[in-house]
Amino acid sequence: MSSSPSIHASERALKRLKKRHARERRFKVMGLSAIAIAVMALIWLLYSVIGTGYKAFYTHSFTLDVEMTESVLDPTGARDPDALRKSNYRRIVQNAMYERFPDVTDRKAKKELFDIISTSGAPNHLRQMAYNDPSIIGQSFTITVPTSDDVDQLLKGNIDRDLDESRRKVSDRQIAWVDQLMETGEIKSGFNKGFFVNPDSRDAELAGIATAFLGSLMTLFVTALMAIPVGIGAAIWLDEFAPRNRFVDFIEININNLAAVPSIIFGVLGLAIFINFFGLPRSIPIVGGLVLGLRALPTVIIATRATLMAVPQSIRDGALSIGASHVQAVFHHKLPHAGPGILTGSIIAMAQALGETAPLLMIGMVAFLTEVPNSPTDPATVLPVQIYIWSSNAERAWVEKTSAAIMILLLVLILINGFAIWLRNRLEKRW
Amino acid sequence: MSDHIVSSFAEDMQGLRTELFRMGHLVVDQIDSSVKALKSRDDQLANRVRLNDKQVDAINDDIEERVMSILALRHPYAVDLRETIAALKVARELERIGDLAKNCAMRVGVIIKDDKIKGTKKVVKMGKQVSANVAMAMKAYEDRDTDLALDVWFGDEAIDDYCNAVFETVMTGMMADNSNINGCTQMTFFAKNLERMGDHATRIASASHYVVTAESIREKRPKSDRTSTTRYLLEDDDEED
Amino acid sequence: MKNLLLTGMAATALIIAGCGGGDSAPKKSTTKTETTKTTATAKKAEIRVVGSSTVYPFSTKVAQEFKNKTGQNVIVESTGSGGGHKLFCEGIGSTTPDMTNSSRRQKKSEFDKCGANGVDDIIEVKIGFDGIVLANTIDAPQMNLTLKQVYQAFAKQVPMSDTDCTMQDNPYKTWADIDASLPATKIEAYGPPPTSGTRDAFVEIAMEGGAKKYACLKELRGKDKGAFKVASHTLREDGHWNDAGENDNAIVQTLGNTPTAIGIFGYSFLDQNADSVKGANVDGIEPTFENIASGDYGIARSLFFYIKKANVAANPGIQEFALEFTAEEASGPGGYLEEIGLVPLPDAERAAYRAAVENLTPYSQ
Amino acid sequence: MSQSKIKFSCRDVRVAYSGKEALHGIDIEIEDQGVTAFIGPSGCGKSSFLRVFNRMNDTIPGCKVTGIVKMDGEDIYAPTLDPVLLRARVGMVFQKPNPFPKSIYDNVAYGPRIHGLAANKAELDEIVESSLTKAGLWDEVKDRLKDGGTGLSGGQQQRLVIARTIAVSPEVILMDEPASALDPIATAKLEELIDELSKKFCIVIVTHSMAQAARISDRTAFFHMGNLIEYDQTSNIFTNPTDSRTQDYITGRIG
């Protein structure tokens, strides 16, 4: 080395160096702020969803003594279950409430009093009991039923007690009664089991995600059954066996395009094929699953091809060189090697399908259903659609229900993605 | 011949060649000087020849080192391999010639003490022939000239003839006058040394032939030196054919 | 060797297991709040209802009650009024909807299409009213508007004057520009998008109503219905009117953030959010339940459903469902539909439609 | 090329990729005994030519082989010949060790399994052990046969690949620069193994290392720009090649 100062130590060089470092710092700051924005957005989302949604996991219930007055329910004494179904259980509940507060005589006050309890849930509860066991007519017993959604909202602090009475859904009288009932323990808060096991309902206090959750699972099952084997098969064929010609190139381009097509198009497609052409019923998970399967197919094919192409050619060559046939080389070596990647891609495609709403609107999965589906051929809806429906309901209580359903959906997505990661790590660790 | 892709390899080979040629020139000089010292009875020149031999040895050591390094670092193949090995061989032959020249020079001191010793003229003539042969062998090596190499190979016969002639002359002189036996003996050794230098020259020629053709000269070498086998029992050295 | 296939199967099995487990869980656990009991009843044919998203909440409420009382399943789909009529008119039989909801009367073209597809006998049922309100946030001053002012505020083009029907681009920037008694704040409205039934009703009732207050436009209506429609139905696009999403809750939330803005949505959302928004008086009438029911409040529309008579024979539950819908307990005054915002019909009209359902009397356009 | 039997004989073999000819008519006879090395600069076609012998070129899209290649007098490009069977007879070892991502045992057992060479587990065990022994790997791995093959060192992996190849009992082993990814010690071991294997198998090896070709091969073929330039005893090629292009290549000159 010469004794004169190196060109890398000259003034200009140092200046340049400083500039380069500054640029690097700027880039780091930019990257960091991008991450920060993303993280903040995520935190905001989680905060707003969880902040409102957690309240849906507990609810208030009313313990009430009722008398199954025979003269009201079954004046003929026939005890016919079908007739008993149509009896006026509302009256029974109303009577029970008036009995609880004998001082209330005013008609308007009586209505307000009845509105404390779930006006649909409580009579229906009695209806079910009578239908299952007509012998309880004429007896007295204690039932625990949900309070009305407005009372629940009041007790959760979502309704401002300080507002003018005309501007809130709960009257001053109702507040007084509810406070009294809280003190006596007749109204209690507890875990909202109904949210998980009930089907959808028009009444917020009764609505649950069971239909949508099972619908989602069944739909996803059908989707997986269709998209994964077909997608993997198609990808293998394209990657390994397809002749190199324009027709195959055309197919490949279209598969890539298909992945970018707005999902509603798949809904239109599904409507045309499965419902109008094949005559399958609307609103059923099979059709939903098939439509989402079409939606997921390009994603699965692309993910599978990407992982297949990432498998070193040497593995295939090794198999061929000891006399494995082409199919053996692919199925014994390439596919297991690409397995974790394919699995991850497929699961992520499934997770995407789980979050789809638009295509399902077209095939009638935006339906109000009062029953949980027992099979993929029963009408059902799915979680995102349920969220969509609930979010447009007017009553205040739906806000937290919507958020809670979003929480469940997010949780399922996290579980699915977590499962994908776990599976990948586990499979990759083997060698 | 095109250059090596690795230019430093080519440089190494060239350096080896240059050193070898330098050694060749030096050795030819040594022969000439020792003969000249005899002819002009110059003891000082003889002394210089003796001293210069160290230089020859030094060049030989250098060449050995270069060959070693080329073998170790360059892994020469084919013509490069042959040339490297030949360089080692040629240097060895030159070194031997140098030793013999020095040996001759040492005998000059004894010979010039006595004026009556016969054969000087013949030895000088012989010396010139030997020197020319060595130079020719080196030229054949330098130019990769297989014909010239063969000329050297067959030219050795003349040297053997010279040697026989010197022996006869000196013997006759010794028989006539035995007072200068010592000097005469030295003279025969001088001639014998020159004859052996000639042999070494043929080996150099053979080596240069090998470089080009990958084969040593196979022809039976003409041999007319009878001094060692027929008449006199002189101490033999490591001559092998 | 067959790692992947095995894992794939395992994953599939897991999903199945998840399905099965979830499937049976709600059946086993009879909860206190459970509304259904599938095990006891033999499965009856499902009733399929499609149509308006405005009627959807009421229809679903009735479906729920009906399910409780009869065990029969009603599937209600929210497809919008137009989508509902389209599906409804595709034909008869169990693969087509049995009923469609509509936030407007069936159009002639729709009726004709039904007829062309063999859907001949249709029973029309009007179930009640729905008010459309113009509301602003609770902290802002109370708005008192006339229909004419509503028209002036939101029409793309307005006549030069009462008598000169040369149309000019809407010149009003603030409410005070329209009338000095109104606040001097920017005219800014968030309303339903063109795909919404609420938008149709708003345009037809409020905008047309306002336009008619111009004498010359009223004249035009008599002469050239198309030109009048263009003049009255076109909303301004200069930033004073904003199409919000279909979701009325979003409009309510927007109002909270922009105190000067007016929101246009269904009455039930005003009712539910009385703590944060208040309705503007239109032509001096407050948007209250009573005023809408009495017909005093100007911007209210009728809600309908239509029954496909051909399907009733195969599935008598359809008629029973319609009867439940028209029962006093449901759509009458004090019925459970009123609780969620339906404004009941006058008594006579109610009885007439109830009779139509009982006798399955088809209507004609 | 004297008394030994001819294993492969090639007449005017041409290899083209998508119409572009990479080998321009090769005539050569590969002897059954000993090791034949292919040397030559990159892109000279030596690897392409090696792949002719087990029809691995078939697996490359757009690759076309013409000419006559006979193995023991039988045309291996005859339409009746199944390349799958040919590859069982002519094994191949690649530049980069490519053991399957399976256990050591399964790596070796794979070939015998797909070809049905073992009637039962005991026979299979025996094949695995003898193959690993022949590949000089048995002592190193006998205690961890269930471990992954990719967990071995590079040299061990390459020997595992050789074990995998010889487990199918091939007649010929083709090696495409098998030591290029290995360190000198692993290379030395591999060369020793090749020497050992050459007693039982016909071995054809492509190598970039002239020293390696010189060390392990009995005959060397020099390829240049898609032509076979010179094919002779290895000792001749490395001391006195006849063609100046060979000379230039092996002495490291611009050719």
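So that you can tell them apart, the chains are marked A, B, C and D in the order they are listed, and the count of residues begins at 1 in each.
Everything below uses one rule, namely that a contact is a pair of C-beta atoms (placed from the backbone, for glycine too) under 8 Å apart; a residue touches a chain by one contact, two chains touch by 3 or more.
Only a predicted model underlies this, so the values are computations on that prediction, with no experimental measurement involved.
When every pair of chains is scored by its C-beta contact pairs, the maximum goes to A-C.
Put simply, the C-alpha centre of subunit A and that of subunit B have 102 angstrom between them.
If each chain is reduced to the centroid of its CA atoms, subunit B and subunit C end up 122 Å from each other.
Rounded to whole angstrom, the centroid-to-centroid distance between subunit B and subunit D, based on C-alpha atoms, equals 52 Å.
Look at where the CA atoms of subunit A average out and do the same for subunit D: the two points lie 58 Å apart. Residues of subunit C found to touch two or more other chains are 1. Taken residue by residue, subunit A touches two or more other chains at 332, 336, whereas all remaining positions touch fewer. Taken as a contact graph, the chains are arranged in an open line, each linked only to its neighbours along the path.
This structure has the following touching chain pairs: A-C, A-D, B-D. Across the complex, subunit A is touched by residues 54, 56, 59, 61-62, 84-88, 91-94, 96, 98-102, 110-111, 114-115, 148-151, 161, 164-165, 167-168 of subunit D.
By the touch rule above, subunit A contacts subunit D in their complex via residues 244, 312, 314-326, 328, 332-333, 336-337, 430-431.
Within the complex formed with subunit B, the residues of subunit D that make contact are 210-211, 214, 238-241, 246-248, 250-255. Within the complex formed with subunit C, the residues of subunit A that make contact are 61, 85-86, 111, 118-121, 124-125, 127-128, 131-132, 143-146, 159-160, 163, 166-169, 193-194, 197-203, 206, 210, 213-214, 217-218, 220-221, 224-225, 228-229, 279, 281-283, 331-332, 335-336, 338-339, 342-343, 347, 364, 366-374, 379, 389, 391-396, 399, 423, 427. Listed in rising order, the residues of subunit C touching subunit A in the complex are 1-4, 7-8, 11-12, 15-16, 18-19, 22-23, 25-27, 29, 31-38, 40, 46, 48, 50, 53, 56-57, 59-61, 63-65, 67-71, 73-79, 95, 138, 246-249, 266, 268-269, 271-275, 334, 336, 339-341.
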